[in-house]
Each structure stands twice: as structure tokens, then as C-alpha cells.
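Both complexes shown next keep chain A, but they swap its partner, so chain B is in the first and chain C is in the second.
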Partner chain A sequence: MADPLADIDRALLGQVFEQSISKPVTAEQMIRYAQACGETDPRYLEDGPDLVANPTFAVTLRREKFVPEGVPRDLIYRGMDAGKDVEIGVHVRPGDVLTGVSTLHDIYEKTGRSGKLTFLVLRLVVENQRGEMVAVIDQKMMFR
Partner chain B sequence: MILDLHAHTDASDDSRAPIEGYLKWLRKKRDLVPIDGIVLTEHRQWNPDVDYRDLEDRYEIVILRGAEVETDYGHILLYGVNDEMTARFDFSDVHLDAQTVVSEVEKLGGIAAPCHPGRPTIGLCEHYEHKAPLEGVLAVEALNGGSRRGENERVGQLMGAFGYKGFGGSDAHLVSLIGICATEFERDIRDVDDLVRELREGSYRAVDFREQVRAARG
Partner chain C sequence: MTSQRDEPASIADLDFGDDLRPLRLTLEPEQIAEYVHSANQVAPRFLSDEGGQQDGLPGQIAPGNLSLAIFSRLLEQAAPGAQVQKISATFRAFVRPAVAMIASGVVTDVEDRDGGKLFECDLMLETEIGDRLVTGTGTVFVAL
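Moving on to the complex of A and B:
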């Protein structure tokens, strides 16, 4: 079967295709996210000076574009979610403004029991208003 | 001396096992998986800067490194990787020519050994059904901890037909699977040179700890 990613221009790798900025994060948002995750740790659930967001909170940052221009938009419907690698940085606290920068990070092949697989990795780097790294999220899509 | 010759840490894209997780697990489970060392064989890569000597000393477990590359005859483990090899081959290329890998790696001081030969698509057995056998293969992974029922069983026939030696490896991608299959060497192995020499010329056999690990889990 033809490689579904063969036509993607490799020059797109590493180029920023979107920058999104959140509104100031509220305690309510953080608590609702923690509740949705099934958290029981009071650090993530009780409003007050010690409240911080659950470490994976950064994945909730809204983006308009999932893939860069030059990558067929219907591609995401033809692949399979191959998971996320999340590197966690500093805590998110109420009032933080998060900036997410998206890049097409990698395209690579591997071979498995069922044949050739191609992976596309989209990286989202999230920082707070002080420029501190909150999370680096690598979203993998797998294509057969 | 018993070594697990095939394991992946979180440096591989499909593993979540940190090296220290393996070492802690092996220390705790020595009665179940009595292995003396591991060989990390990350997928399609070689990082020359990694140094595990401190961890070796701390956990008293030998840590050696190889690589698992992908070829037109399936996956092949490389032991004795050196700068010349990484200059000669692009380890990330999933279309490497297996015969060239086997021949060149030997010339460059290492050994290339096909792994999980009984596995569909990426194992040697299936390729031998419609292609000429590789020249210069000395050993294959006779026992692979990640193989499905029937896959390891196919390898015995292959070894008999071509006179290959057989070794074992867990192919662990998760901490709790390290050491479940391994290789017992007659002589001690302290470094990669020892490993290459013993795989080429020494006496060894694949050993299987899966049953006792399963029994302990209940």
C-alpha cells in the first residue's frame, strides 16, 4: 500500500503552524478538569493558595489547527491515534495564561507484525506567561 | 552467566520502561528472573553518548547496548555497535539490506543476529519461504519473550536446517517483562567485546523464566 504520508513536504518539519493563547486559567476550570480525571488529591481539587492543576491540564489548551497547511486535512481521519507523550514542566496555577506552539515534529516509519507503519508526530509546547515550560505534548498518529 | 539480550527502554518509541525501572525490578525479583545483565537494543537508533556505568555499579547488574534495526528480512539485533557501523548504516532506515548488514557488521567487529524469526512479516522464517537464505548468520533469537504462541516454536526448525546457534531475550517494553527470556553463557561477559566473542564462538543457550514468573503472579 502507498505511503499516505509520502507527499508531505519534509520542509514542514519543525515549522510553527499555530500559536494559541489561552484566557487566564481559572480555579474552577482546574478543579473541573481534576474531577473529570477522577482525581482525589486535594492539591488539585480544593480552591485556595495551594491549588495547582492536574499535571496533564495543558492538553486542554484549545487549538484551531490540528495539522499544518500542506498536510491534507482529511489525513487525520485516515490514521489512528497512537497516543501522547507528555513531558510535564511547571505547575499551572489560577491566573496563568498558557501559550501553545504547534509544530509538525516528526514523520517516521517502522515495521511490525502486520507490515509497514508510518507515524506522524505533532508537537505542542505549552508555556506560561513567564516563559516557563508547562508541558511538551507529542501527539502521534499512525498510518498503515 | 545469564544475560537478557533484547530489551527496550523508553528511548524506543514503543516502550515506556525507564532503565532504572528495569534495574529495580531485577533486584527485587532476582529469585524469579536470576539474570546478571541486560542488553538494551533500542529500535532504529544508536546514541553514542549514553553511559550506564554509574547504574551498573549501583545495581550490580551488567548493562550493555546494541540496537534493533529493520531490514528486508525482518528485524535484526546488532551487538558490538561502533562508530564505523553507524557511519556505514542509517539505523533509522527501515529498508536496510539484510545481507549487507550481516556481512558488514561482522567485518566491522560486531555480530548481526535476526530476532523473533518466527514472527510474521518481520521474522526470518517467513522471508526464507520465498527468498534465498542469508549468508553469514551465526545465531538467531531462539526464544523471544514477546512472541505469540507458535512463533518461538518455528525457530527450532530454522536453527536445525541452517545450523544457527540460538539465544534468548525478553524483548521487554514494560518493566515487569524484563528477563523473562534470556541467554545463559558458559563464560563471563563483562563488556560488549566479550558478548560479541561469545556469541560468535562461545557456548550458550536460551533460557525461559516465563513459567515461573506467571506462577508467581498467580
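Moving on to the complex of A and C:
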């Protein structure tokens, strides 16, 4: 099978293809997300001065684009979601405004018993309004 | 989500090679749907069996981000009040509703850091009959 990533211009690597900005995060959003995660830790569930968001809350940042211009938009539906790496920074608190910057971070190949696999890594860096790192999320897509 | 947690114990008592207390859980279809709404990740495959089947899947599946949240809960259960710093997950099979699962982990490294200890762990989410669904790693800082 032809490499589905062969035509992707490697010059796209590292270039920002989307910047998304959230509305101010509310306590209700944070608590709803924590409840949906099955959390029982009061830090994430009880409204008040000590409330912080679940460490994975940055994944909730709404985005419009999933791949850069020049990459077929349906590509992510043709690959397998191979995994995610999340580096977690400062806590999200009510009132925070999150900014996410998306880049095509890496394209690499691995060869195993089943043949060649190609991986595409999309990176989302999320910061708060003070420029503090909230999360760096690498999503790995795998193509046979 | 129905889940059962053992009594929390301090991760500070754990050492290289020790097991984290397992987290037993079963995701209900409604809870997966609620998660994707709260995470701004709404897609038919996450909402119903019909939606999943339209995408060629066996039925409704849970998004990978929910597996990250489960790993986060597992680490926090072992280290109440600690700071989860990194989570990596490799998706090996679909996480589906109404399947009894066990999230487990083992401490693979312990380092002294300023003001505390940094624990690295191997993590796994599997069905009760031992089918591996998600494997990964986690890093958590415990202030001492």
C-alpha cells in the first residue's frame, strides 16, 4: 500500500497551523469534566478557592483544524489513534483563558513484523493567560 | 462510571517494583457520552453503538482522552494530593462500555527531587479477563 504520508511537505513540520483561545474557564465546566472522568477527589469537584481542574482538562480546548493546510483533512480518519503523550504544567483554575497552539510535530517510520508503519505526531501546546504552560499534548496517528 | 477504589495509601511508602493499588471500573454508555460532551469531543462513535457502527467500529467506544483521565485517577489514588506531571498512553484496543476493567500500575523508578520524590510508573488498562486495552507510563511528583 502506498505511504499515505509520502506527499506531505516536511517543511510543514513545526509550523503553527492553528491557534485556539478559550472563553474564561468556569467552575461548572471544570466540575462537570471531573465528574465525567469519574473523579472523587474534592480538589476537582468542590467549588471554592481550592478548586482546580483535573490534570487532563486541557484536552477540552475546542479546535477547528486537526491537520495543517496541505495535509488531507480526512487523513486522521484513515489512520489509527496510536496514543497520546501529555506533559502537565500548572493547574487550570476558574477564570483562566487557555490558548492552544497546534503544530505538525513529527513524521517517522517504524518497521516491524507486520511491515512498515508511519507515524504522524500532532502537538498541541496549551498555555494560560499568564503564559504558563498548562499542557503539551502529542497525539500520535499510525498508518500502515 | 461505576468503580471501586481501595483505601488510599501514600505513594511515599512505595518503592521500585511495587504495585499501585488497582482501580476497578466499568464505563457506562451514558458516561462516555457525558465525557465527550464535557471534553468538547463529540463524535457519533463516542455517543452510541449506531454511531460507532457507522464508522465501521463494533459499536460505541470511549475516546483515548478518557483513558488518560483513568490513568490520572490511578496515579492520584496512589498519591493523594500529588502532582501528575506526565501521562503517556498507547492505545492497543477499543475501550468499550459495559466491560469490567482494571487499571493497574507498577513503580519503575523513584528519584529524590527538591522538596519531594518523583515516581515513574508503568500503567495498564485491561479487561478483567486480561485483554490489554491501553498501556502507558506516568510521572508523579510527591512533595514530602
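Please note the rule applied: the second predicted complex is superposed on the first by the 144 of 144 C-alpha atoms of A that agree within 3 Å, B and C clash if a C-alpha of one lies under 4 Å from a C-alpha of the other, contacts with A are read in each partner's own complex, and residues count from 1 in each chain.
Basically, a contact is a pair of C-beta atoms (placed from the backbone, for glycine too) under 8 Å apart; a residue touches a chain by one contact, two chains touch by 3 or more.
Note that the structure is a prediction, hence the values are computed from the model and not measured.
Looking at the shared chain after the overlay, A:Phe119 reaches chain B, while chain C stays out of its contact range. Measured by the number of chain A residues touched, the leading partner among chain B and chain C is C. Of the two partner chains, chain B is the only one touched by A:Glu109; chain C is not.
Legend: residue contacts after superposition of the two complexes on their common chain; A:Asp81 is shown touching chain C, with no touch to chain B. By the touch criterion defined above, A:Leu45 lies against neither chain B nor chain C after alignment on the C-alpha atoms of chain A. Of the two partner chains placed around the shared chain by superposition, chain C is the only one that A:Arg32 touches, whereas chain B remains out of contact. According to the touch criterion, chain A has no shared surface contacted by chain B in one complex and chain C in the other. Chain A makes touch with chain B in their complex at residues 108-116, 119, 140. Contacts from chain C toward chain A in the complex involve residues 1, 3, 5, 25, 31, 34-35, 37-41, 64-66, 68-70, 72-73, 76, 80-81, 83-91, 136.
Residue ranges on chain A touching chain C, taken from their complex, read 29, 32-33, 35-41, 43, 54-56, 59-62, 80-88.
For chain B in complex with chain A, the residues that touch the partner chain are 13, 43-44, 70, 74-75, 92, 94, 119-122.
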